[in-house]
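In the two complexes below, chain A is the common chain; its partner is chain B in one and chain C in the other.
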Partner chain A sequence: MTILANTLVIFFISVGLLFIVVTVIGLVRLPDLYSRSHAASKSSTLGVMCILLGVFFHFWLNENHFNPGILLGVVFLFITGPVGAHIMSRSSYIAGVKPWSGTVRDDLKEEFKGKLKNKKI
Partner chain B sequence: MKEIILFIALALFMVAIFLILYRVIVGPSMPDRAMGLDTIGVNLVSAMAIVSIILSTTAFLEAILILGILSFIGTIAFSKYIERGDIIERKRDR
Partner chain C sequence: MKVNNVILQFTAKIVFFIIFFFAVHIFFAGHYTPGGGFVGGLVTASAIVLLVIAFDLNTVHKLLPINYIYVVAIGLILALGTAAISMFVEQPFFTHFFDYFYLPLFGKTSLHTAALFDLGVYLVVVGVTMTIIQTIGDDE
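And now, the complex of A and B:
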């Protein structure tokens, strides 16, 4: 039983570690802010959720301590990570950060053209 | 086996935080730095969870939730400042 529990914990922690390393490589190497926020929001949210699930299973199965606070942390990070990245990239588009020069199409430019001129946003 | 995995995880978190510090220092615009600090918060949450396994205590598990909430509030405040120039708006009547 304890071998099975340790296998589960090691699996979750390794998957979370892989996703966090991929996040950092994306943050260093990608060319502009929007693709960096793409890397930072999704992959780091999934990585930290996997690591917290591994810690939760460790304390539940090995030490008989059911901790609902850490499950609440998983749910909270799942909700707020993408929302934070969305608000940050929207505000940086409004503040005037240019996309990468190889970008093919930009739909928000038509959407915001009149509003940005009148300072409605 | 599990202890080796946990210490490798801590070492990789340290390398990750140093690499994100590169992005925070060099990053060409202001939202890059805010996003890097948010990712550092996520890494600190995971490192705190793994340290609580190594020390085999449950005293740190509340700090995980608190650090997540504080990181989210910081990101929202920075993005409102970048977008509008102030964080809390006034009424328009006065």
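And now, the complex of A and C:
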């Protein structure tokens, strides 16, 4: 039972760590703000959620202590992480940050064309 | 420019309750685990600040029609009153009392007057934080 529990804990924490390393590599290597926020929001949210799940299983199965606060943290991160990235990317677009030069499609440009001209960004 | 804030506002509506109930949990768990009135008050204030960010200062004031100066006053009176209870039973100032009670839903519970003092701290912290933020944010 202990071996099974430890395998579960090590699996979740390793997966989380892997996703966070991928996040950091994406933040360094990707060309513009939007693809960086794509990397940062998705994979870091999943990584932190996996690490929290690993911690939760460790305390539940090995220490016999059921901690619902960690599950609440997982739900909270799952809700707020992507919304934070959405708000940051959207405000960057409204503030006039240009996408990468290789971008082929920009649907939001049509939406903001008249409005952005008035603000003279 | 009129922007469409539906994602932020809908998320704030849900996350507000998560943060608020977590703050209540921190407040009541403060005697045996880390937490207490100060942290609970700050987390509650941050939940209200989230609503202020997502909506508007006037909307939030319509939603929670509270004058936070009075919240500070009530908190101070509660803390002072809890400390002064012991003087009426010929004990030194700030002596706390506790006993075990059998409540209908909770079973055997220890009730402590330090929780009332903590409630005073909680109200003062919420009131001061929200007063500061409303005063700065209302500056037109």
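Heads up, the rule we're going with is that the second predicted complex is superposed on the first by the 117 of 121 C-alpha atoms of A that agree within 3 Å, B and C clash if a C-alpha of one lies under 4 Å from a C-alpha of the other, contacts with A are read in each partner's own complex, and residues count from 1 in each chain.
By definition in this document, a residue touches a chain if its C-beta (ideal position, glycine included) is under 8 Å from a C-beta of that chain, and two chains touch if they have at least 3 such contacts.
Everything numeric in this text was worked out from a predicted model, so none of it was measured.
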| item | value |
| --- | --- |
| First, second, both or neither for A:V21, with chain B first and chain C second | first |
| Partner chain in contact with A:L46 - chain B first, chain C second, else both or neither | neither |
| More chain A residues in contact - chain B or chain C | B |
| Contacts of A:V75 with chain B and chain C, given as first, second, both or neither | second |
| First, second, both or neither for A:I10, with chain B first and chain C second | first |
| Interface residues of chain A shared between complexes with chain B and chain C | 69, 72, 76, 80, 83, 87, 94 |
| Residue ranges of chain A in contact with chain C within the complex | 69, 72, 75-76, 79-80, 83, 86-87, 94, 115, 118-119 |
| Of chain C, residues touching chain A in the complex | 1, 3, 7-8, 11, 14-15, 18, 22, 25 |
| Chain A-touching residues of chain B, taken from the complex the two chains share | 1-2, 5-6, 8-9, 12-13, 15-16, 19-20, 22-23, 29-32, 34-36, 38-39, 42-43, 45-46, 49-50, 52-53, 56, 58, 61-62, 64-65, 68-69, 71-72, 75-76, 78-80, 82-83 |
| Interface residues, chain A side, partner chain B - complex | 6, 9-10, 13-14, 16-17, 20-21, 23-24, 27-28, 33, 36-37, 40, 44-45, 47-48, 51-52, 55, 58-59, 63, 65, 67, 69-70, 72-73, 76-77, 80-81, 83-85, 87-92, 94-95, 97, 121 |
